[in-house]
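In this document, chain identifiers A, B, C and D correspond to the written order of the chains, with residue numbering beginning at 1 in each.
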Amino acid sequence: MAKIKVGIAGATGYTALEVARLLMSHPGAEVVAATSRAEDGKSLAEIHPSLAGRCDVPIETLDPKTIADKCDVVMCCLPHGASAETVHALVQHDVRVIDFSADFRLSSLETYEKWYGVKHPWPQRIGNVVYGMPEFFADEIAKADVVANPGCYPTSAIMPLSPLVQAGLIETDDIIIDSKSGVSGAGRSAKVATLYCETNESISAYSVGNHRHGPEIDDLVHRIAGKSIKSLFTPHLTPMDRGILSTIYVRHRGHTAAEMIQCWRDQYANSVFVNAVDHLPATKHVAGTNYVQMTARDCGERTVLVCAIDNLAKGASGAAIQNMNVMFGLPEATGLA
Amino acid sequence: MAKIKVGIAGATGYTALEVARLLMSHPGAEVVAATSRAEDGKSLAEIHPSLAGRCDVPIETLDPKTIADKCDVVMCCLPHGASAETVHALVQHDVRVIDFSADFRLSSLETYEKWYGVKHPWPQRIGNVVYGMPEFFADEIAKADVVANPGCYPTSAIMPLSPLVQAGLIETDDIIIDSKSGVSGAGRSAKVATLYCETNESISAYSVGNHRHGPEIDDLVHRIAGKSIKSLFTPHLTPMDRGILSTIYVRHRGHTAAEMIQCWRDQYANSVFVNAVDHLPATKHVAGTNYVQMTARDCGERTVLVCAIDNLAKGASGAAIQNMNVMFGLPEATGLA
Amino acid sequence: MAKIKVGIAGATGYTALEVARLLMSHPGAEVVAATSRAEDGKSLAEIHPSLAGRCDVPIETLDPKTIADKCDVVMCCLPHGASAETVHALVQHDVRVIDFSADFRLSSLETYEKWYGVKHPWPQRIGNVVYGMPEFFADEIAKADVVANPGCYPTSAIMPLSPLVQAGLIETDDIIIDSKSGVSGAGRSAKVATLYCETNESISAYSVGNHRHGPEIDDLVHRIAGKSIKSLFTPHLTPMDRGILSTIYVRHRGHTAAEMIQCWRDQYANSVFVNAVDHLPATKHVAGTNYVQMTARDCGERTVLVCAIDNLAKGASGAAIQNMNVMFGLPEATGLA
Amino acid sequence: MAKIKVGIAGATGYTALEVARLLMSHPGAEVVAATSRAEDGKSLAEIHPSLAGRCDVPIETLDPKTIADKCDVVMCCLPHGASAETVHALVQHDVRVIDFSADFRLSSLETYEKWYGVKHPWPQRIGNVVYGMPEFFADEIAKADVVANPGCYPTSAIMPLSPLVQAGLIETDDIIIDSKSGVSGAGRSAKVATLYCETNESISAYSVGNHRHGPEIDDLVHRIAGKSIKSLFTPHLTPMDRGILSTIYVRHRGHTAAEMIQCWRDQYANSVFVNAVDHLPATKHVAGTNYVQMTARDCGERTVLVCAIDNLAKGASGAAIQNMNVMFGLPEATGLA
């Protein structure tokens, strides 16, 4: 069988590099095109020296038709707003797209435009694009022209919360999500705030009460579990490259942590990447992998849930490869560790 | 005026080193003795090479009378249980003691013995030793024979919570404290769990729902604010040497974050080391200093409080120097930055 | 074709974990046994939580016959001395062995016993075991019963130096190797010196002039290039998990850095993992991979060579998998990225 | 005695922050002015949140006369070229200046213009400004209108090399300096190359054979020791905030490492900040301090020297405070730890 031909739009960032890195050892897919306006004319290996000698794909300026002609699927790693425009153009040229931006994740146009502060360039598709979490939406992903790749923080919260909400094990109106992310989540653009000496040896909260991933979490748990929730989400910048740990405080309805772990094991019995574990997971336990580790602990009237993922893998590029596998009929875990 | 003569009992750990480091530039005090059974015969600089050429105090095995004769005050950096015994012996030889362990922090013997799992060696003093937080207990500290130096996590929670509880700005029965600490908090003994490659590039929760600093927080807020509280405390191990960030989720009683910040500014108007700030503090903003930075943010029915300290400084050895200054009539900030 | 059955002796350390991690996504091999006296009765995933849900191999106490019966090859991750004894016993039970220790790397028994300070338990095999560097010894590795897996530092020095010495481009008696390694090279045993707070935010030289990898470098370059060399090797402990960067100062014989790079490109034309690059390599460029990046710069009468590897991958476990592939007739890069 | 009034020109960077931080606890000096074109109108604490509540000096755009009127001395933390112009203007308004740039460090105009690629704005002063290393030039510093504050790497090489060259213990034409610096040395401007995720978990060489600190080292050793030397200098970017470790390979002239250590002890007997130590120094041993630790090890015909400093303290701002103390007649170590 011919390999899936993959294009990467917006090839300079960390998620793009992670896609390329993962595809280097994927037996059924290969990078055939990469785009960046700023780096046009260089090769992918020149802007990502870890690919030296392993990948000679040239960087080109994105032309939707050219890319669509070369590729079976495009990983669109562009910023929100810009991404939706590109996705629109690519789809019109009949290539399937996995969109890393938030442009098609939310089900409400109003929520999108309020939180992202832009006019949506393709509002017709809002509410009409599958959320790229194969653990819940594999059938739709298999047929999709566009997949909205999940946000990193939302992945770490949706996966533990949804089954518990659906099963009625926890209260839906008192959920606190305290998340800690590695610095790669902030992207690869030159900013003082993410210089080494600003973030090293330091942890801090940011966007308290107003981070855009808050509404994404509530929206998706609602779509998956069928019940609306109200969460309070606080992200923290943590001095490490990769990883998200979400510590989630919920009120149980008389159920134990052990019952919640069992609920997850039932829900995710066929999900190769989701492990409900007994130990307290650390982000290092999943670093560089597509795995999710989660556990629960009894704390009086509350239960504390802890979930660890790699923000660049299951929180971005690993999930994208998993989605691609589903879209093209490969086993979900192909090329992923 | 003669310099205060300081002894350090249990000189091999990080808090002991931090005491020595701070005293190197203290104009009114000096290290005159240091003890460690394991390192008897070496010098303090041999076990802490950062003191090379700056401190030639020899390490000796602790003999209470010998130490008491040489010193005006002893910084007791021993583990709980062992510490109380030593404190008892030192006090009997008429030397004042600042105890870094938890042995005299709690007001209830029963709580102590339940959480620490040992018989207390000097139970008569439980409830009868001042808590070494000069922001609240300066008068008692000035006269004390023994000062219970506060725990690191408790400091980061008690300082923001107490004024708000006392002023009735927040509910007392729904407080979630999500704390992140640097690795030095785990001490300097050889354990696989705190090896570089275990903790670097990783964040994890530990002792969820059963960390000993939980009851200390509740006890002290009660003593300071005059109202009992019920908090849920979760510590996290963060890949950095120093610093604690506590993100605290409270329910307000109709008051804004701005009002809480003002409440702190009023409470701490004369406390040189406590800054209620407008920005979101990072642990790096207070690293190596005795300062506390705290702020608040409105989040619907909840308010998020964020407090940053250096766990080795204001969370341990800096507070001890501050206590020593108060005990010996020096300005509180002498020798501290 | 049946999968290669792999045993791991000494399964608690970082190289053992890296072998297990790499084999999780190897299409032609699988871990079937793992041994550790200290952890007998647990599972591999219990002592390495990153394997949770992915590997349920139980830990057993090493019995050579039992292991030999189950396995096609054993990765022996034991300390020197102990390793040679185990290798001997395993080979007698007809299982092939890849030995991670230094016990069979040197060609001289006298050198071994002088530098390692032990009687060699199987001296007959000294000088008679292939060095596991398929770039030079693939034919012998293919047939070997025992392979001496290379040291991490030596790999980073032998690979750039050998072709240049062989081609006569550099002086052989004036070679300075300044190497910087991540902390995982120091192993996973509980020691104060490799605690997070000792090594984080710090770089230091160690074993100056007397590290055991010095003679290994000289010996192997001699065997590969046919000329004896005299190098001065200095290792440094660097605050990162993984990676070795060796900065090597040589005297050229009138040749340019460009000619040296070309010499490498010729030598390693068929070596999939060795890249002579134009940029200055960073350890991050090869982290988590089996690749070697090396370059050269003109500096007057000297040339500076810079070589980056991952100490756990190409410097240990990746090389071992590469050797295994060669031993069992698989393409050299199978399962490696 | 009135406090020394200090101005900081170019107040946004790390060396400026370190000057401010050190002056917070200096008993005889205080920051009275700070300049930055980009941040005019903010306060120093706004751009450096670690100063919150401790320093309310406003940022102004640099006007030489205004600053000169307010200050006794200006710490000029501007980039090369721009710095010399400002120094010139300030000196004309009769304020003393400590210049952090390289503009007045070299003794040859030709060397300066070749390596820095700019026309020097005040060439008359080249060769006529004291190098701010009180260990060698205290008398001149005491009287100076302008002090050229030393480079960070040069400090770590000049201090161990100069006494040995002067005493004739080492060859002068075969010196290799392999230096490792923390990332703060690269400054605080927004660049991709010094983002956290680029430099964390990675070490790399840069500017191999052509770093500007190479000629500074050779020039200063010549001026101090009276003999010209020829060194090869290679800097490395190391994943830590602060610190420089220089590993220096020299050829001895029949002298032992012990004799070299003794030579240093004699030379630096009255230098409070220089410690010739027996242990191998780590950068952590001097982090946050103005101390220098250096040692030597015998390695056959070569000797390996190892020197550790804090690049922001003794390598920049600590040295500047030390120079200021000397300029204004205070004890050299005032306010420094």
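One rule holds for everything that comes next: a contact is a pair of C-beta atoms (placed from the backbone, for glycine too) under 8 Å apart; a residue touches a chain by one contact, two chains touch by 3 or more.
Because the structure is predicted, anything quoted here is derived from the model rather than measured.
With contact taken as defined at the outset, chain C and chain D are each touched by A, B.
Just to note, of A-B and A-C, the chains joined by more C-beta pairs in contact are A-B. Chain centre most remote from that of chain C: B (centre = mean of CA atoms).
Distance between chain centres (mean CA atoms), chain A to chain D: 45 Å. If you average the Cα atoms of chain A and of chain C, the two centres end up 35 Å apart.
Between chain A and chain B the centroid-to-centroid distance comes to 40 Å (mean Cα coordinates, whole Å).
Contacts with at least two other chains are made by residues 198, 200-201, 239-241, 281-282, 284-285, 287 of chain D. Under the stated contact rule, the graph of chain-to-chain touches is complete, every pair of chains being in contact.
The touching residues of chain D, when paired with chain C in their complex, are 176, 178, 180, 182, 198, 200-206, 208-209, 232, 234, 236-243, 245, 247, 249, 280-285, 287, 297-300, 302, 304, 306, 308. Residues 21, 24-25, 27, 49-50, 52-54, 201, 275, 277, 279, 281-282, 284-289, 291, 293, 337 of chain B touch chain D in their complex. Looking at the complex, you find that chain A touches chain D at residues 14, 183-184, 188-192, 194-201, 239-241.
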